[in-house]
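Here chain A shows up in two complexes: once beside chain B, once beside chain C.
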Partner chain A sequence: MRHAIGLKIGPVAFRVGSDWAAPIAALQSLYRDYPAPVGVPDYTVRLEAERPWRRWVRPSVAVRGDYILPEALPLDLAHGVLAAEIGMNLQLALGERRWLLLHASSVERDGRALIMSGESGSGKSTLAAVLATRGWRLMGDEFALIDLATGAARAFPRATSLKNAAIDEMLRHAPEARFGAELTGTPKGRLRHLRPDATAIARMDEPAMPALILFPQYGGAEAAEGMGSAEAFVRLTQASTNYGPLGRAGYDTLTRLVTTVPTVAVDYPDTATAVALVEQLWDAL
Partner chain B sequence: MAARRHIADAAMPSVTMEGFAVVFHAASGATHLLASPVPEILAAIGPDRGAATPDEIVTRLRADYDMDGEADDDVAAVVAERIAELTASGLVRAA
Partner chain C sequence: MSRAADDLTEVLAVPGRAVGFDDARWTAMLCAALAERLAGTLAERLAGVALPDTVATWCDNALVQAAQERRSALWEAEMARRALAALGVPVVLLKGTAYAAGGLSAGLGRSIGDLDILVPRDALDAVEAALLAAGWEWVKPDPYDDAYYRRWMHELPPLIHTSRDRMIDVHHTILPLTARPTPDAALMLADSIVLPDGLRMLCAHDRIVHAAAHLFADGDLAGGLRNLWDIHCLIGESGTDGLAARAAMHGLEPAVARAGRLAHALYGTVVPEGWQRLTVVDRLFRRRMLAVDGWGRDVRRGTRLAFYVRSHWLRMPPAMLARHLWTKWRR
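Right after this comes the complex of A and B.
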C-alpha cells in the first residue's frame, strides 16, 4: 500500500495501509504517544479506493482486511479515520481467539477493573472517558479482552470514539489538545476522537481482575438494580463478538466471570449522576 | 411396542445460576439455559447412569428427589415431553 502505519494498542498489533495519505496522517497524530509495534502485526487493515479511479474522483474508502463483511458500505475519504477504526474493530471482533471479547468499556482503580457493557448510545464510552479524568485508568472504550486462563481483563485503549452530544460533554472534562479533528455527516453522526491520557498508554500492558460489571443506560431516571448471573450471562454472550467460536473456553471464561463478579444495571439522566452512582457502587464493594 | 431408551449425548459441563442450568454442549458448540426439571432429567440419563425409558427415568428421579404427591403418570408425561425436546436439540439421543 502507498501509505501505512503500525499501531500497538494493548496486546494487539495492527498494520493499517491506505491508498491515501490523509487517514494515515490522522492516525499518526491520534496515536503519536503509543509505543511502536514490534514484529509481525496481528491484523492488517487496508483502506482502498472502491474502484481505481475513485482515488481521485469523489474518493470513497472501502475497508479491507483478513476478515471482511461483504455488505459494508464504503465511506467518504473525509471519514478515513472512522474507516480505519471500523476496520480495526472488525478484524479484532471477527478474528480474535486469544481472549473473550466483550463489547464494553473498562476502567481500572486499585488494580481492579470495572467493566461497562451496553449498546451504542448507552454512554459507556463517555462514562469511561469521564472516569479517566477522575483518577481511574482508562482500559478501553470499545472492547474488554478477558483472559481465557486467568479471567483478568486486558486493556485495549484505542482512541475513544465520541459521538454527537458526548463530544461537548467531554470538552468540559479534557483539554482540546487531546481531541482529533471533528468528522461531520458520518453514518454515526458527528464524531470526534479523544486521545487516551498518558497513564492509559503507559500502563496498557497491565491487566486487572474484573471487580464490577455495569450495564449503563442513558436517558432514564436514576436507578441501580442488581442483576442475576443468568441474565448477565445471556446479555454478555450477546455483547461478545467471539463467544461462539471460542467454544468451551468461552463458556468457562464467561460462566466464571458472571458467577464471581457482581453485576448491576444502571439508569442515569446525566453523566454527573452516573459518575456519582458508579463511585458509590464501587466504594460499596 | 416397548418405550425407547434415551441417554444424554455426553457429560456436559453445567453451571447453576438462579435456578437455571447453563450447559455447554461440546458437539454443537451451543450453550443451553435449562430450567427445572430438565437439568434433573438430563442428570438421570447421564453417561454415568446409562440409558433409560421414561418410566425408568421417573424411578430414578424419585430416588434422587423428594417427589411425594406427584403421580407417576403425570411425571412420566412431563418426562416424555422434555425428552422429545432434548432429543430435538441434540442433548439427548435414543440408545
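Right after this comes the complex of A and C.
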C-alpha cells in the first residue's frame, strides 16, 4: 500500500498499510520507542478508502486486513490511529491460536502477573496504567495472552487507549510527553493514547505466571469478594475471543488458570481506593 | 502488478520454490493465501520445507485454525446425520466437508465454511421439516427470495442452526434450474459412495464434475484459486480416465475441460494432452483468479465486474434476469 509501517508488540508483529499518510505517521509517533519487527508479520491490517473516491472526498477509513468483520463501521480519517488499533485488535481476536486470549489488562510484579478482566468502562485500562506508575510493569491494557503449554501470561503492551475522564486521571500520574494526540468525537467519545513506559517496552518479551485475577467494577462502594473457580471460568470464557475455536486446548488452559489462581471481584468508587485495594490483596497472597 | 498470486499458485504446486524468498515476498504470498482462504492448505504444503522462523510460526497458527475448521465441519455433518437419520434418505456431503470426511487430499488444511449436502429432490420437503425440527431456521425470511430459491435454485434457501450458528445448504442438484446445463442429479445420487458413518460422498468423477460446475458454470469466481486447488487434488487422486465421458453425461464437459486446462496451467495438474493449452477465454479466467495482491486486496475491478455480470447471465435467460434485477433494485 502507499503508506505502511511494521510494529512489534510483545510477541505479535503487525504490518499496517494505509491509503493515507496521517494514520501511519501517528502510529510511528506512538510506537517510536518499540523495536522494529523482523521477518514476516503475523498479521496485516489495511486502512483503506471505503470506495476509491472516498480517499479524497469526505475521507473515511475502512478497517480491513487478514481477518475482517463485515459489520465494522468506517471511521473518520482524523481517527485513523483508532482505526489501526481496532484493526490490530481484530486480527488478534479473530485469528490468534497460539494463546488463549483474554480481554483483560495485566501488570507484573516480582515475576508474577495480575490479570484484570472487565467490560469497557470497568476501569481496567486506567487501573493498569496507574499501577504501572507505582512500580508494576505494564503487560497490556487490552489482551492477556495465556500460553497454552505453560499457562504463563505474555505481554501485549500496545499504547493504552484512554477514554474521557480516564485521560484527565492519567494526566495526573504520567508526563504529558507520553501522551498521543487527543481525538474528539470518536464512537467512544474523547480518546487519547498513552505510550507505555520504557520498562514495559524493554521487557515486553518476558512472560509472567498469573498470581491473581481481578474483576474490577468502577462506580460502586468499596468491596472485594472472592469468586469461585466455576464463576471465574464462565466469566473468562465470555471475556475470551478464541476460547471456542481453541477447543480442548482452550478448555484445559482456562481450567488450569481458574483452579490455580485466586479470583476476586472488586468494586471501587475511585482510582486511589482501587489501587490501595489491589495492593492490599496482592500483599496478602 | 504484484506477483503474490503467481507465487501462491507456484508454491502450492511445488513448495520448494519458496526456498530463498525474502521477507517481503513471503509476506505478500502469505497475505494473498489468507485472502484466498488457502492459508491452511499452503501451511500443509510447506511442511517439510526449511522455513524462516516467523513463517513457521505463521504456518503453525494456520494449521491450528484448519484443524479446528475441520473438527467443526465434521461435527456439523454429524449433527445433520442425526437430524436426518430417521428419514432413511441418502445424504451426500459436498465440497469441503466431503473432502475432510472422505480423507481426500483436497481436505488437507482446507478452510470449510457452510455444510453442503445433496438429497433426492422428492425428499426435500421431509428434509426441510426434519432440519427445522432439529433447530435450524431460515436465514432470510424474505418472500421474494424464498419463492425465488424454491422455484429456480438448486438448493433450499440457506438455513442456520439456532445455537451453533452454522449454515447448511440443502441441494437437490448441483446447478440452478435456470442454468443451461442440466446435470443428472439422480445419477449422482445413485453412484455416490457410502462413508463409514452412513453419510455419503459423490463418486470420484462426479466430485470433479461438481467442483468444475461450481467454479465455471455458477458464481463469479470468488475463491476461484481455492476451488481450482480442490480440482487439482481431486484429479491427482482419481486421474482423468473416463472423466470427459462422465462430464458429458451431466452436460458439463466444457466446464470440466476448462477446469482441467486451468488446473494444469496454474498448478501443473497432470491432464490429457488436449487440456494442456489455454484458450483465449481461459486466459480471462486465469486473470480473474489471480486478481489478488500482496496486501490481500481485490484488484482488477473491471475483470471482477465482468465475471460478476457473467455469473448472473449464466443463471438466467435475459428477460428473467431483467425481472430479477428490477425486483432487487426496487428494494
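To be clear about the criterion, the second predicted complex is superposed on the first by the 285 of 285 C-alpha atoms of A that agree within 3 Å, B and C clash if a C-alpha of one lies under 4 Å from a C-alpha of the other, contacts with A are read in each partner's own complex, and residues count from 1 in each chain.
Rule of thumb we're sticking to: a contact is a pair of C-beta atoms (placed from the backbone, for glycine too) under 8 Å apart; a residue touches a chain by one contact, two chains touch by 3 or more.
What you are looking at is a predicted structure, and each value in this text was computed from that prediction instead of being measured.
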item	value
Three-chain arrangement built on chain A, chain B and chain C clash or fit	fit
Partner contacting more residues of chain A (chain B vs chain C)	C
Chain B versus chain C as contact partner of A:Gly247, first or second or both or neither	both
Which superposed partner A:Gly65 touches (first chain B, second chain C, both, neither)	second
Which superposed partner A:Thr44 touches (first chain B, second chain C, both, neither)	second
Chain B versus chain C as contact partner of A:Gly121, first or second or both or neither	neither
Angular separation of chain B and chain C about chain A, which is computed from CA centres of the superposed model and rounded to the nearest 10 °	60
Partner chain in contact with A:Ser229 - chain B first, chain C second, else both or neither	first
Partner chain in contact with A:Pro262 - chain B first, chain C second, else both or neither	neither
Partner chain in contact with A:Thr237 - chain B first, chain C second, else both or neither	first
After superposition on chain A, the shortest CA separation from chain B to chain C (Å)	6
Overlap of the chain B and chain C footprints on chain A, listed as residue numbers	247
Touching residues on chain C, where the partner in the complex is chain A	23, 26-27, 30-31, 34-35, 52-55, 57-58, 60-61, 64-65, 68, 71, 295-297
Contacting residues of chain A [partner chain B, same complex]	228-230, 233-234, 237, 243-244, 247-248, 251-252, 255, 258-259
In the complex, chain A residues that touch chain C	1, 13, 15, 17, 38-42, 44, 46, 48, 65-66, 95-98, 245-247
Contact set on chain B toward chain A in their complex	13, 15, 17-20, 22, 24, 26, 29, 31, 33
